[in-house]
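Presented sequentially are two complexes of chain A, the first with chain B as partner and the second with chain C.
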Partner chain A sequence: MKESSNPPVISPLQLVFLIFGTIVGVGFITLPRGVMEKAREDAWISVLLAGIVSILALWLSVRAARLFPQDTLVEYNPKAFGRILGFLFNLAYAGYFFFFTVTGVRTMAEVVRAEMLPFTPLEVIILTMLFAVVYVSWDGLMPIIRLKESGLPLTFLLIVFFLLFAFLEADWSELRVPFVEGIAPVFQALPTTIYSYLGFEILFLYYPFVMRKEKALLGGSIAIALTALFYAFIVLGTLVTIGVDVAIAQTYPVITMAKLIEVVRQFVERGELLLIILWLPLAYTTHIVTLFSTAFTLQRMFPPITLRWWLSGLVPAVFTVSLIPQNLIEMAAWTDKVGVVGLFFSTGYPLLLLLAVWIRRKLHLLPEQDRIGETG
Partner chain B sequence: MKPTQPGAKRVKRTKLQRLLQKRKPAPFPPDRFSSSLEENIAEIRQRLGHNADFVTRRLIYAEQKAALFFFETLVDIKLLSEQVVDPLRAVSPGEGTSGVEVTDGGTGTSVGEGTAAGLMEEISLRIVLRETHQVAAWNEAVSQLLQGYVLLLAEGETKGLLIDVKKVEKRGIDEPDTEQSVIGPRESFVENLTTNITLIRQRLRDPHLSVEEWRLTRRGSGRVALFYLADVANPQIVQEVRSRLSRIDVDAIQGQLHLQELIHDNNFSLFPQMRPTERPDATCSYLLEGNLALMVDGGAHALIFPISFFQLLETVDDYYSSWQYATLIRFVRMLALLFSIVVPGLYLSLVAYNPELIPTRLVISMDAARVKVALPIVVEIFVMELMIEVLREAGLKLPKPIGQAVSIVGGLVIGDASVNANLVSPVTVVIVAFTAISSFTAPVYLLGVSFRILRFFLLLSSSMLGLYGFLLGLFLVHAHLARLVSFGVPYLAPLSPLRLGDWVDSIVRLSYKMLTSRPSFLKPLQRVKALSTRVRPRRH
Partner chain C sequence: MLWFHGLVVAVLLGMVMAGCWDYRELEDRALIVGLGIDELPPARYQGKEMRMYQLIVQVVEPTGQSGGPTQGGMIGRGQGTKGYTNFTIETPSIAEGIDRIITRSDRIPNLAHLQLIGMGEKVAKKGFNELYDFFTRFPQMRRKTEMVVFSGSLPPFFTTQSITEPTPALHIAQLTDSVTETLMIPDTNLGVVSKNIRGKTPYLMLLVALDDKKEIVINRAAVFEGFKMVGTLSRSQLTDLSILHDEIQRGILHFPCYGGKQAALQVLRGKTRLKPDMRGNTPHVTFDIQMETELVEYQCLGAAMDKPENIKRLERSYSAILSRRLQRTMEELVKKYHSDLFRLTTRLKKDPAMYREIRQRPKEFFQRLTFDMRVSLKIRNLGNTLETPSRSLRP
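Right, the complex of A and B next:
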């Protein structure tokens, strides 16, 4: 009954936590800035809209993943695109998660150094975090899922509870009637906002392990909807507490918002530290999934090398690469590039996959029937 | 773990076994009994005669020479004389001499194999109340003699008769020591396996209760009993524990912890993956839930498994007090245990790195007290923790009355004096003492121990990296719990896999009326354990 030798089995509820925990991570403390730069007072609408778009993308992804219910992306890429192109896609996918981890870890380390440990080198912060990430990934996917399932609900509730206090300071006159400046700004803000929803692409990797596959779409949608509500809640909070103009000028608008909470400040000098304490578990869970997905993809591409070797090999790689950007601005540029790739993997890639499979079927290179061996 | 490892281990072990078997010189070459009684006596004297408590008694049975062999320290002499010697003697003078009943009596020395079996058969029929069986080989006979059997050999017989007249030295059934309950039953297990099986059977008179007995060791008694409800416990788990038991090859098993460490999943984990309990009632209620239990002869605890973390936080008293109170006190216990690992690390990281997170008024008064303390906070708190551990250990090692006095006086005097001498600040004393007391609320002793070690781990991590290190330490502990699996059952169940239906018994305790199903994480064969019995008072 050694667990790691069995394939993981993900229940619908666990899928919700897996996807939610992957999406909500490092990014949400900077989220309001990007949205508000474009959509200003209508930012919360953009966020909700981006959520809906993401659910559509998820639908597309599930549709594509369903073509090969027993395979992960690594196995069906060569089947659909041919050996060379498939290999390149796999490599790109692994690289995407690698850089997702790099940017995430670096951003987190910057925040921790700025707010908690001003005299500690970034290297130490990054390396210790990576150690914790590798420790939980050591036995495979199930411990990761269990960690999220048992830890996330409480953390999430505490964050919402904490940020609710911010609404006590609300100045509701900051709000405006939606669409005063037309619909265009709302849509212009969409691309940057959708970056914050990235993470559900992991479904391409873990779809074969989902227990009740017909519920995969539902589970993913719930996770994204929950994220959308949470993001809208945060953006609205930032909007009514510090206002658009201040928020745009802040590096971490949500932290600035937390600083304003008067109720907490009566007890504690720096309330925003509490927010960071609650934000760290979310960052941690995201790092785990992205690093593990990198290792998992690579292991599936090169089966002779075990997952543990890949995990331990990735630590120095992530560590080194994450120290390359000189400052936060360079880091932000990296994050944007990762976002573009993510956007491709969540929308363009499933379309390509569907197209490729369609063409291959027309050429009779793939069996005709849909959903081979899918279990109800 | 690596899939190749267990296989490799097994190969190694069989090699070792082969080696052992090879090296083992056939110690006593002729393994069969001889038909001459004198030769047999000589043989057994050579094997066991060097023992002061080994006794050989000759007697005449039905005009035939016979002998009894036994360890006088292992057999109950009264039982022996009443159940064995008396029936034998009752035959000899009357019937034996006439040769009527014992047909082979006359032909005596020349009887062959078949009739010999007949003689032993006949004797065993006379001994009604004790277990008997025939034996033809020395090695088996000797090992049974050491279990407290008496061996009867007769002239001309190549088979002997083993009669069970064990003497059992045991203490009476006592009150439980560590798992006390105010109004619950007051029985606890003893060190004798047979008594313990009786205690469980008396409570669970169910034909589905399986009690498998294993003999696991090369030396020593090595009796291990495996309990489960055959129609409830998951057969995969039963199979798994059987295979783990069958792989055990040791000289002797010293109590239940030895067995636990031989078969649990993760050898490096601080957390107990099986729950020891000294109460038969608790054992039975776990068996009814779908858990399994193991007991070792010589150990006074049953080992319950598979166990989840939250099942370790249950106490028997939760089930002998009103459910509201039980739930309240369970939360208090969880909180206390959380405090016991979290508070020192948190305190250290706040004071040393982020004092701005301490309420302003408190930090002022704390600082006023700390100003005179020369030691850095890290050293201060480590020294205090160490002192508490020393006091605790000293209190345990000394005889009871002195131990208590030492720990009280030591605690009071040292605590007070070190504050007065400005060695430590009073807040540190409060924190350390509070966490030490909190860790004693653990329902399972070993869990309290592991929490104490984890406290040092968190102290270390937060002393190096402040609040960040403290959080990372917590992540690691959480990650470790998420990785742990006890016989295929996730350790964090029912938090993960999240089943709110299991919370009614594992996280909170609701009224018995609502506890209608067994925990799903144990994957029992029957989920339902009671039908919902809503008794509504009739209204007129």
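Right, the complex of A and C next:
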């Protein structure tokens, strides 16, 4: 079988699934801890605010991507920043998605081993996941998008339905009048919360393939808004079921919440296993996009090597690097660093790009007509 | 590249068809359903003076039907069709104790189905801080695991079966569960304990005892502050506390009439709302209690229930009695403990001023706290008869 030579075409609805499926992955299992440490009972407000900030960042990214509607970031970085700086940006972008995959896969494996398969080596869990990721990515972007389109809605609804059982144990008095301790804690929680919205920066790679580019912002915004509602649901659930003080002391607060679920005592006892089973597809759809984006960027940077070779080569690389952190705490430090880079690519980078293009146009190093074909 | 596809599919299928990597037959697992812990005198362990614990680990036997007699360290084992096996270990830590089961059994211990953690009064009074970390850290632990305090020596509790449940730990867990669901007693499981320890508020654990007939009874609770047991509550205090907590379940309320006779009302549903009010520097809370009940027994003979005004009179009378009782219980508990046995720290979150007070200075808050009860008890159902028999034995 050969790699598909037809360029992918992404409909507005597919864009929603692509972005939503990339954002919602591994992070929400630990999200309540980070956000509640600062904002306590107002954590759900921080989550919604972070969603609004992310939509603003998306708007900035779309504006930047619109400058070169027919190119991916790999092609327009050298045009905007020059060959050397452009190459370095491309490399950093590939590296970002590489480490996004590494941290995601390792965290996923840690959760599975801790809660589900205590005697299974991490290596086996990681390798199994990577094989499954490569298998779907083998034929390019469209199978990935179709997988998300067909699998995500059901998985998402099932996970929400399942977590509703935890709400049967809710103590609503855990909620508090907002802003009792001022608005500062709510804003202090924003940086860590925004990390959980990272993933929409894939638009820099796939914007040229979006069918109706004028709807790209709307599609992305819907995906982020859905994510924000889902995260608020998760944080609110954790708050009213296990409470703030317990949530901030848990390694995986959402798993702890799922441990409250018992459908008829001694019949369905281990609710967290069902949660993990439902969560794995969400984690999987994120790993697929991040690993594929790494390979896609590298393939565009070095065209002689095919996408499949890059994918095949990345499996041992991700596998090896993901085993370097000695424990979950070291892994969390890596995740934070990836978050900082992601924050740069979702806010700082589009600003730099807009600035660079503006300067280059003023210097007549770039033509003004790069928006041609925007309606694609 | 067809070969590659084939290879990937073969690898994936191989992994799936081989089952889980760590698959173990049920018979190869020691499913622990009950843990009993009590304090032993300190001992030198690996060269150091350490707190020592007696740990009873009850493992359910999948093929068993009934328990068996005590046999030294291992109780109820070796009879062929036992419902359980008890392992008794002296150890300075739970993890080490459970680990030692491996050396005494050919199975791998599994705590994912643990139903009961029972502490002896000695360890409860001295503090279970060294044990708590294991309960909350170990991933297999369940938040719904019942936590109780055993009054007296531990071993008899782990050999006392019921007619329907051959495994003693499961019997106690089910008893605890049904007691908290059908009587008016607050939940006392690991999740509740953990929440209160983290939130620095007092909490309860049911006190399990053996009566003269060697049957398990639960009619008191232990009060804990932090990791230490600091007192006990009677059955009626527990019921009152449950009402004040807004954990009103289908319990039965008793009201006196004459000569020790009683009227019994089954609670159908109820709600306790708090109305906080800062009166100058004094925090004041009004407990607004709405309760719907059903008359199930009326020993106060000679009354006719066919007139609405009679029922209204009973409702007013019982509301006043309950109100006085709750007021008295709360006064006693506040005076004795000066702490939040009433879950006010959580429930006053809606009142920012009072919430700040109770979080920052809980002891002072309870010294200054004033409160009153407003009870509205309604009799919604009279049962199958409108009349009660006459007081006179003659017709």
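As a convention for this text, the second predicted complex is superposed on the first by the 365 of 376 C-alpha atoms of A that agree within 3 Å, B and C clash if a C-alpha of one lies under 4 Å from a C-alpha of the other, contacts with A are read in each partner's own complex, and residues count from 1 in each chain.
Keep in mind that, in the parts below, a residue touches a chain if its C-beta (ideal position, glycine included) is under 8 Å from a C-beta of that chain, and two chains touch if they have at least 3 such contacts.
All of these numbers come straight from a predicted model, not from anything done at the bench.
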Chain B versus chain C as contact partner of A:177, first or second or both or neither: second
Touch check for A:136: first (chain B), second (chain C), both, or neither? first
According to the stated criteria, A:246 is in contact with first (chain B), second (chain C), both, or neither; which is it? second
With the two structures laid over each other on chain A, which partner does A:112 touch: chain B (first), chain C (second), both, or neither? first
Looking at the overlay, does A:269 come into contact with chain B only (first), chain C only (second), both, or neither? both
Is A:260 touching anything from chain B or chain C once the two structures are fitted on A? First, second, both or neither. second
Output check: A:13 vs chain B and chain C. Expected answer is one of first, second, both, neither. What do you get? first
Taking the superposition on A as described, I'd like to know which of chain B and chain C A:121 touches: first, second, both or neither. second
Thinking of the overlay built on chain A, is A:151 touched by chain B (first), by chain C (second), by both, or by neither? first
The shared contact residues of chain A with chain B and chain C are 1-2, 117, 120, 124, 128, 132, 135, 138, 269-270
Sites on chain A touched by chain B in the complex: 1-5, 11, 13-14, 112, 116-117, 120, 124-125, 128-129, 132, 135-136, 138-139, 142-147, 149-151, 267-270, 273-274, 277, 280-281, 284, 306
Chain A partner contacts - residues on chain C that touch it in the complex: 1-2, 5, 8, 11-12, 15, 20-22, 112-113, 115, 136, 139, 142-144, 177, 191, 194-195, 198-200, 343, 346-347, 349-350, 352, 355-356
Under the stated contact criterion, what part of chain B meets chain A in this complex? 1-3, 6, 236-237, 240, 353-354, 356-360, 465-469, 471-472, 475-476, 478-483, 485, 487-488, 490, 492, 495-498
Residues of chain A touching chain C in the complex: 1-2, 41, 114-115, 117-121, 124, 128, 131-132, 134-135, 138, 171, 173-177, 180, 242-243, 245-246, 249, 256, 259-260, 262, 265-266, 269-270, 308
